[in-house]
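These are the structures in question, set out in turn.
Below are two complexes that have subunit A in common, paired first with subunit B and then with subunit C.
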Partner chain A sequence: MNWWVKRTGQALFTIWAVITITFALIRGLPGDPGSRIRDQAQRHNPSMSQAALERLIEARIPASYDDPIHVAYWEYLTSVLQGDLGYSTFRQGDVAPEIASVLPWTILIMSLSMLLMFALGLGLGALMAYKEGSRFDTALTGVSIFFNSIPYYVAAVLLIAVLGYRLSVFPARGTHSDATEPGLSVHFVLDALYHATLPTVSFVITGFGIIALTMRGNSIQTLGEEYIRVAKLRGIPDRRIAIRYVGRNAILPMWTTLLISIGFMFGGAIILEEIFQYRGMGWLMFRSIEHNDIYLMMGTFLIVTIAVVVSLWIADATYGWLDPRIKSGDESESY
Partner chain B sequence: MKVNPTDAPSDDESGTDGRRSRFEGSTLFDRDDADGEYRTDGGQSAGDGQMFADSEFTEVTTGQRLSEVFYESIYEPFVIAWSDWRTKVGLSIISLYLLLGVVAWVSASELLFLDRITIIEPARGDGPIRLAPFQDWSYPLGTDMIGRDLLAAMIHATPRMLQMILAGAVFATAVATVVGTVAGYKGGVTERSLMTLSDVLMTIPGLPLVIVLIVLIDPSSPYLIGIIIVINAWAGLARTIHSQVLTIREHSYVEASRTMGIGTPTIIRKDILPNLMPYILINFTSMARRVIYDSVALYFLGVISVQTIENWGVMMNIGYENNALIIPEVSHLLFVPMVFVVGLSFGLILFSQGTDRLFNPRVRARGSGTTKSKDDEEITTGGGAL
Partner chain C sequence: MSTHETTAADERAHSASDPIVEIRNAEVVFEMDRGVSRVLDDVSLEIERGEILGIVGESGSGKSMLASSMLDAVVDPGVLSGEITYYPEDGDPIDVLALSDHELRQLRWEEIAMVFQGAMSSFNPTMKIRTHFEETLEAHNYSLGEGMDRARELLSDLYLDPDRVLDSYPHELSGGMQQRTLIALSVVLQPNVLVMDEPTAALDLLMQRSIISLLEDLKAKYDLTMVFITHDLPLVAELADRLAVMYAFELIEQGPTQDILHDAGHPYTRALLNSTPNLDAPLEEMRPIAGSAPDPVNVPAGCSYHPRCSLATDRCVAQDPDSRPVDGDHVVDCHHWEDAADEIPLNHLANMEGDR
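Let's look at the complex of A and B:
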């Protein structure tokens, strides 16, 4: 219970810290986003009164620039917590709904890639440890290292060139074809998965290698432990040893890899979405940079971070279930 | 990636050849006398009856000490690492890039006599346009839209890239090492606050933060770009170093140093850090890789504003903008820089995979194929279960 409170507290603390960083960055910027909105409004509607303009800016900016810093900070914090992330001058609408409409796409390719990458990596890694020293092991080690040294965006560009344009087997851009109506139909789901293939594959083929190699090393290390020998002497079936004794202990240290890759993949998705013109968070973030749209940019940053914090919190929750030792949390002596 | 000291005895049983058993007692691999050359912790503590004999009062000249340090922490690890083909290939690739960097730097430098030496001319638009690679040997890798020699452009992009990598990797590993060891060794409030900080930073996804910072700061110095790219990447490394330190600090020789009243900085420097060096080295290369990946991506997508074309990412961008994906005649604009990026990254990965055996005794003993003990056969049959 105590561990839970601590972990949740840390997640909340992180979210608060990121909101504060965002505020500091917006505040530290030269120029005033309000004047941009004023220009835009005056262009569209030159007859607008000064008071109406002020009201408009007030409504569109979470924290006013004229207030002293602590007042502005409090204003920003409360409005962000209420879901008001400011106004996007590029999309001409509130930032929050804009982000909400693209977030599911990012999460889709993220979770697909993650799932496939770990399934492939763990499976191959265990197999390599089992056949250690064989030709299969050597060949796969080489292949894993080579694929791992290709940046995912290079793989993406190559996949687009070959599978997207030359052979035209997979769509090279977009989240779904224009003809399909978004909805919960089988047709739409299949179409979305079809469009997600190339982004997912770019992640998976460049990422599975390191997981396989780590899993291989861990399995070999675990196989040499004394308790495996004891288990054998006790006559425990091989299957049970493989899964409960070796598998579980070899996978445990990889939890950190999983945690780090969540953040890494969200970051990578931003680059990939730009290359594939995939309308997710990354695509939106690049549009905001192109149009110098500060609130949209900060909004995407904030939401991506919160998405990572939440995924990590969920991942940590399941770790306690995998490894009960974590909850005992014995404090070590302080020197 | 955990060093298991209990592996050492089983290796000893079978380690009959002299070379191997020498390594067994060297600084990096045997925890119990890991600090043999350091006088402060009583040197070789186990059973040789001179617990305090070679402490402060023993005469050891600086020259002797230096050569011993060189032998144990540079020469021996190098020999072990070199015995792996991956290290050989990896190190050769890295050296090749370093050489390219030096060549380009000397060619472009205006320092004193270097001004007159130009080995490879910087890329200028004076060749035939859109020449494909391997057609004309005065332009081995072809030329771009306005006739710039691609090979020269690639080579002249190297120094900036290396500066970026160096700044980023040094910054990240140094911060991570300091935070990780201090937190792990001190414990208490220091540990809790430093680790909370690391946890928070670790949670923030790197690339979005880097993109936001680069857009807002708009840096042009390669060193600054390198540091921004790893602005929070050190946190994950600090966490792992911290947990390594937690096991090291329970060793008896550390306790001995503490009992003798040696200060925390000295203990960290002399008892704890030497054990972590191989680990830090490997993570140095992975940080380097990260800087390459991210910087090339950011140049490629045009997030970092550029003054020159001389960057692999910028050239990929030029290729991409010129439809190199669709038009086969210009596809080399995209593929040549890609080969350079993948090559360096491949070299770094091979190097770190090869040096893995430096601090993973089990992998080392089994990989060499010379030790086939009873223990190993057990393991192999155990593997049958998987």
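Let's look at the complex of A and C:
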């Protein structure tokens, strides 16, 4: 029980620290936002009048920006705790609903990618281990290393060029076609999946290799364990040995990697969603930086942080359940 | 279980002896880059029903290979040849090496079970002890209720608290508890033969002694035939009815325990007896055996012990000695066994006689 309190406390502390640091960093950006907006606006539209510029700046910069920094910090912190992430000047609305409207798209792509990546990686890795040294193993090891060395954004561009434009089999941009009405209809779901194909595939084909190779190594090590031999002699069916003995013990060390990769994928989403013009979290984050939208920037960072912290919390919490040798704190009993 | 008539079994008349497992000319060969590794070389052995047989030898003498052979469980890419015959109490003899996968699954654990060295590594670390018992019973279509009652009884016979052990994960048990649990797991299907490969290797002396006495109780209660494989001659001498000594992947001497201890015929057995610490003999008289055990790829010609033997002659280099009877069941593979007693006096005997 003690351990849970401590671990949850740690998670909350991390979130608080990130709020504070993002706040400080964004406030500390060189130059004041007013002149940044002025520069940008003049570059895009040199003929803009001085009065229009002033109006634009006023609209973009939150009124509280001129408050002393400690007052502004306190105000932000308390409103975040109440679920209010501030006002987005670029999207002309509250930050929280803005994020909520794009978040499902990112979650869709990420969960699809993770699911396929791990299913493919773990499955192939285990197969390679069972056929260690065969031509299948050698060939697939080569393939895994090759795909793993391609950056996902390069794969994305290639996929767009070939499947998106040359062959036109998958849509190259967007989350769903404009003609489809968003809703829980079969048609819409299929259309969303259709649009999610290329971004998901870019993540999966560049990510499954390392998982397959790790799984292969872990499985080979597990296969050599004495308890596998004893289980075979005891007459335990091969299927059960493969799943309950080899699989379970080989996946254990990868559990934390799996949940950490959620954080990595959020980071990757910025570039990927930009390439595919996929209106998810990454796309929104990029826009917020482009438009000097302070509250939107802080809000998106905060959500990503919370996602990573929660994943790690889940990883820690479930590890003791997966591997009985790792007991959380004081409940371990040895006699 | 379906059975196979074997020619060897037919030819052999069952006189006074009543073997439960018979090994004839067993050989295990590994093909390696640097040559053929023969890790079991023409071993023939009979295990009598109801006896405790001790197999003694130094590390790398082929003891574990012999144990695995009895279950046709030699690890790949080893190739086992020869004849292994299992004689059920009633029914026809079974040719172990001719069994199908399915029949082999039944023979293993239901008829012949095995306890491996290193109990810790014999359990799946992410599974409770109870699951190990249950899945074994299920895999062999045994009744779960009856089986678990038997498991509980076995565990308490071994002085363990059944419920506590069954609800534990392997790492939550001490080394001695794990070893005893593993013994219980190996007899839960009521096999007739229990083969134990260094079952006490990782345990302290007190735990070794207590396991030995528990094994004696277990044997009496469940009517087991036991094969106890160890490098520890004094330990197994307390338990075994008969001893078989292995050197360089061959059996070089076998006979009743007392005959081996007091009247060993093979110079190696005598040297082995003199090399083990003994309370009756002063430490200065402990003699290590000079030289080292041979490489399985390159075993010396003739008698494989000749490079280390003080009795070796040209004959030993040229000709591999056959088994010759000393008296009764005591057989030895040595050209000069009659001279061994004078050449290599046994320390523990000399001192015992000196005390008198």
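Everything that follows uses one rule, which is that the second predicted complex is superposed on the first by the 266 of 335 C-alpha atoms of A that agree within 3 Å, B and C clash if a C-alpha of one lies under 4 Å from a C-alpha of the other, contacts with A are read in each partner's own complex, and residues count from 1 in each chain.
The rule we apply is simple: a residue touches a chain if its C-beta (ideal position, glycine included) is under 8 Å from a C-beta of that chain, and two chains touch if they have at least 3 such contacts.
Keep in mind that this is a model prediction, so the values were computed, not measured.
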### Message
Between subunit B and subunit C, whom does A:R229 touch in the aligned arrangement: first, second, both, or neither?
### Response
both
### Query
Which of the two partners, first being subunit B and second being subunit C, lies in contact with A:F170: first, second, both, or neither?
neither
### Message
Contact-wise, after the overlay, does A:L322 reach subunit B, subunit C, both or neither (first, second, both, neither)?
### Response
second
### Query
So, does A:F286 touch the first partner subunit B, the second partner subunit C, both, or neither?
first
### Message
After the superposition on A, what does A:F301 contact: first (subunit B), second (subunit C), both or neither?
### Response
first
### Task
Please indicate which partner A:R248 is in contact with in the superposed arrangement: first for subunit B, second for subunit C, both, or neither.
second
### Query
According to the contact criterion defined above, which of subunit B and subunit C contacts more residues of subunit A?
B
### Query
In the superposed view, which residues of subunit A touch subunit B and also subunit C?
229, 232, 333-335
### Message
Under the definition above, what is the set of subunit A residues touching subunit C in their complex?
### Response
225-227, 229-237, 240, 244-245, 248-249, 252, 322-325, 333-335
### Interface residues, subunit C side, partner subunit A - complex
71, 73, 75, 105-106, 108-109, 114, 116, 118, 121-128, 135-136, 139-140, 169, 171-174, 185
### subunit A residues touching subunit B - in the complex, by the definition given at the top
10-11, 13-14, 17-18, 25, 28-29, 126-127, 129-133, 145-146, 148-151, 153-154, 157-158, 160-161, 164-165, 213-214, 217, 219-221, 223-224, 228-229, 232, 238-239, 241-242, 246-247, 253, 256, 259-260, 263-264, 266-268, 270-271, 274-275, 285-286, 289, 297-298, 300-301, 304-305, 308-309, 312, 332-335
#### Entry: Residues on subunit B engaged by subunit A in the complex (per definition of touch)
1-2, 4, 7, 86, 185-189, 191, 196, 199-200, 202-213, 215-216, 236, 239-240, 246, 249, 258, 264, 292-293, 296-297, 300-301, 303, 316, 320, 325-326, 331, 334, 338, 341-342, 345-346, 348-350, 353, 356, 360, 362-363, 366, 369, 375, 378-380, 382-386
